[in-house]
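The two complexes that follow have chain A in common; it is paired with chain B in the first and with chain C in the second.
After this line comes the complex of A and B, so read on.
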């Protein structure tokens, strides 16, 4: 039982890293970016190629996965996304679905449709017994890395100059621009960091989530649930939502295997009925 | 002391009100009048039965796609609901019609009704979730509903055939007389007639006071409710109707293909429908049909050049189309039509 909760926690933390970028672009910048998973996939494949084919140590590939996805995000933001900010929701939906389709079949063409197996270093494999609880080392590693990331992000947004600029730019673009905040640059950097985090999440999750070219479509619903259940007032909402979702998914699949894959939707419906504005929404 | 209404003034108000009423009726009737392009469109559509006998299989697919896109137009073009999971209702209709044909009777017309009912029930049941929250919530809910149905159809393989698809569907002749043939002639005429009837109904609905209230909701829900339009019941109603339409599209698919796979419920189906409608343009009912035709032609051309990776090209098409401005084809037509009308009026 405790082991299961631990697994759920690791899974939830992973979901958080995957979707926190979307919480900012979609939740704060109001851009419906359904292609978020494509950046995660890019990071995942970067890690798989670097470790399996080029023999780089797994830990070294993690920052590279971040950079690959961040650069991709930055370039796309500057060239294409920036034209879509002012468009209607429908335009953004169509545009990003188009991107997802291109990423999915492009990756299929490059790497084939089979699932990629990531060879983890031996010191991250295996399980240990801590206080009578059987813990997977990689799961513990995930929780540690994602936990640190969550704290850093929260501090970054609430405590730094960049964070306050971002919040100002999101609340009122025109005024922020008027008081001299470089709104465009702030958005571009935010988008790149969000995509980079997704890439890092994809790299960390390549082993437990299963990496196929279909990844961006498969996990789209998870990302959307995290963002809308969590609300967007701070990074904490999406964090709690991710953990809730991770626990529900892991426990559901273990205890009711036939219906387990429906657990996340059950959570979604309950939240929508009880609190349509999200669990931790900003007071309107 | 109470002010007595002046009989003369009240009579004047009455006539003024009656005059306004007449003008409203006239304006609303004008929208229902058939214009020349519309008549030509349907003449060409029905002429294809005789002029393109070799193309009936692909034309059947186009007609079914058009019903599906018409259904999306009802909620997107008129009520402004962006849905990512319209395949839920399509698939429900397809599976319901398939199971009905296997376990009850292969009679197609009642099968259509069963398909429509299945689509409507799913739409009605999930519409209440749609009413909560904004656009983002709607995207997520529609996506989630379709994903849940996909999972159910996948898991319940004893009933639905799961990933192998539902097989063993045999259809009786339509009205006991017209057998489904291999070349798809009966199937095409059947689908085209159903499309036409559904179109007529949709045309009546969107030009009725109900349809106009939907447009008001699309433009501004808050103001719509301020002038007394019951926003939520209207949205539930149109979503349910669109669900029935999608269910019919699914049932038509089942009847003509006599096989259903999980693709009917997949995300790609929803995205296809959305794309078809967007190609043709939203909010004037013909978008779905024009879009379906254009989509299949594009698909055919690309399949001839490179048969693999269709998804990539469709993605590219969506991106380019949106960047270029998806309302442009519609605007070009509108300008052309306006110019034509202008010239004709100048001559008169």
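After this line comes the complex of A and C, so read on.
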């Protein structure tokens, strides 16, 4: 039982890192970025190529996966996304889903459609017994990394100057601009960080979720569920939502395997019926 | 019969097939090959294309005095496309034989054209039993899922694995494998404690494996698509199941030659049942592997490649028998009962069912002398027919 909760927690944490970038762009910048998973995929492939083909240590590839995805996000934001901010929701959806299809086909062409298999260093493999509970080392590593990230992000947004500028820019762009906040730069940096986090999530998740060119489509639903269940007004909402979904998924599959992955959709429906603004959203 | 737009189109297609075939009475025989070169089944498409390259380089392109022209088209792993492409190949390009078909929906789509146009269709990869019933002109050189699952269910109880948990991906072939494995296992004195179906889209096996540990069976029966197999074995080892005495006995797809090497150590010792291993020890296979590698930059062939090679060989052999006649009835009649020495061992086209009859081998993953991982065969079930027909 404790092992299961532990697995669920790890899975949830992974979902959080993958989705929190989307919570930032969707919640703070009001931009519907369905192509979020493409950045996660870019990070995942960066790690796989660097470790498997170039022999770089896995841990070193994680910051690189972040950087690759962040740079890609920055460039695309400056060249493409920036033109879409003022457009309607439908335009944004069509535009970003188009990007997803391009990313899927492009990766297919570059790397082939087969499953990429990541080779982890041996110190992250296997499991240890702590107080009679079997704990997978890699999953413990995931929980640690993602937990730290969650705290840092929350502090960054609520306690730093950049965080308050970002929130100001989101609340009222014109006024923020008027008082001298470089709105464009703030948005570009935020978008890049969000993409970078997705890249990091893709890199961390390659081991557990698998990695194929279809990744952005396969996990799009999960990102959206996390964001809609968690609400988008802070980092804590998506964090709790991810953990809730991770636990529901793992426990559901264990105790009622015939339901398969149905459990998390049930959670989604219940949450949206009871609290359409998301579980943890502040009152509008 | 209700006349819909579809039936009208179907009739048009069927009538227009006749002149196309009649026109092709010169000495070139066109064979339409439908492959998934892109999309989800791309890895099959790659092996199929590579097998074609190797075959043509080795055996040439002439049979019974007719030059065989292969027209290769990509269906992008979408069944709808396979239907359209098969129809175009027959009606516009004048193909007299259809082959390829890298997955079940494509094969079933092609069978519609085969049935209406009386075109011989040779399925080289798809493994669903019912394909053979979809058209009286279908032949198969791949394998069927029940054909593999049944011998595994027979082998296991005789070798110390009676109490099973079955873990399969929740889609057609997975359910087929689960059903036929259980049937065979029960007949041979084993039991399935629990049947778990894993969603295709979500490859985190953690909760399913945890459930398996808690039931402590003798072994797990596993059928998942090739890519997910790697994730499964990693998590199996991560959970320490390899030390727990619970064995993995799986369908060959999980330890496919195409991916086996990149799976690394977690794959070692896994037992699978299947029709072909690149390590099969026979002069035919050595020659095949060598020809295949020579034509494709050292790429290793898998079961898909053998299926394609044998399909092309079957076309050549059958044309020799019919004197170059590729019309549906004559071709299929001549192909019935054909026996061939394939790279996988002896195979036969069952004269009654048109289905392939072949050896199924039990294999264990071991590290070969060249440092690569191979499925090493250690027991043979000879001439296994598809149990559903």
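Just so we're on the same page, the second predicted complex is superposed on the first by the 284 of 284 C-alpha atoms of A that agree within 3 Å, B and C clash if a C-alpha of one lies under 4 Å from a C-alpha of the other, contacts with A are read in each partner's own complex, and residues count from 1 in each chain.
Methods note: a residue touches a chain if its C-beta (ideal position, glycine included) is under 8 Å from a C-beta of that chain, and two chains touch if they have at least 3 such contacts.
In this text the structure is predicted, and so the values were computed from the model without any measurement.
Enquirer: Tell me the contact category for A:99 with respect to chain B and chain C: first, second, both or neither.
Expert: first
Enquirer: Applying the document's definition of touch, where does A:83 land relative to chain B and chain C: first, second, both, or neither?
Expert: first
Enquirer: Of the two partner chains, chain B (first) and chain C (second), which one does A:126 touch, if any: first, second, both, or neither?
Expert: So A:126 only meets chain C here.
Enquirer: After lining up the shared chain so the two structures overlap, which partner does A:91 touch, if you call chain B first and chain C second: first, second, both or neither?
Expert: first
Enquirer: When the two structures are overlaid on chain A, which partner does A:225 contact: first (chain B), second (chain C), both, or neither?
Expert: first
Enquirer: Thinking of the overlay built on chain A, is A:258 touched by chain B (first), by chain C (second), by both, or by neither?
Expert: Touch partners of A:258: chain B and chain C.
Enquirer: Examine A:273 and indicate which partner it touches, taking first as chain B and second as chain C; both and neither are also allowed.
Expert: first
Enquirer: Figure out whether A:212 sits in contact with chain B (first) or chain C (second), or with both, or with neither.
Expert: second
Enquirer: Mind working out whether A:108 is in touch with chain B, chain C, both or neither, as first, second, both or neither?
Expert: both
Enquirer: For chain A, which residues lie in the overlap of the chain B contacts and the chain C contacts?
Expert: Of chain A, residues 105, 108, 258, 261 contact chain B in one complex and chain C in the other.
Enquirer: List the residues on chain C that touch chain A in their complex, please.
Expert: 38-43, 46, 170, 194, 196-199, 201-204, 206-208, 210-211, 226-228, 230-231, 234-235, 237-240, 258-259, 262-264
Enquirer: Quick one: which bits of chain A touch chain C in the complex? Just the residue numbers, please.
Expert: By the definition above, chain A touches chain C via 3-4, 7, 11, 52, 105, 108, 112-115, 117, 119, 125-127, 134, 136, 138, 207-210, 212, 214, 218, 249-254, 257-258, 260-261.
Enquirer: For a test of understanding, state which residues of chain A touch chain B in their complex under the given definition.
Expert: Against chain B, chain A makes touches at 26, 32, 34, 80, 83-84, 87, 89-91, 93-95, 97-106, 108-109, 217, 220-221, 224-225, 227-228, 258, 261-262, 265, 268-269, 272-273, 276-277.
Enquirer: Would you tell me which residues of chain B are touching chain A in their complex?
Expert: Touching chain A from chain B are residues 76, 82, 84, 129, 132-133, 135-137, 139-141, 143-144, 147-148, 151, 155, 267, 271, 274-275, 278, 308-312, 314-319, 321-323, 326.
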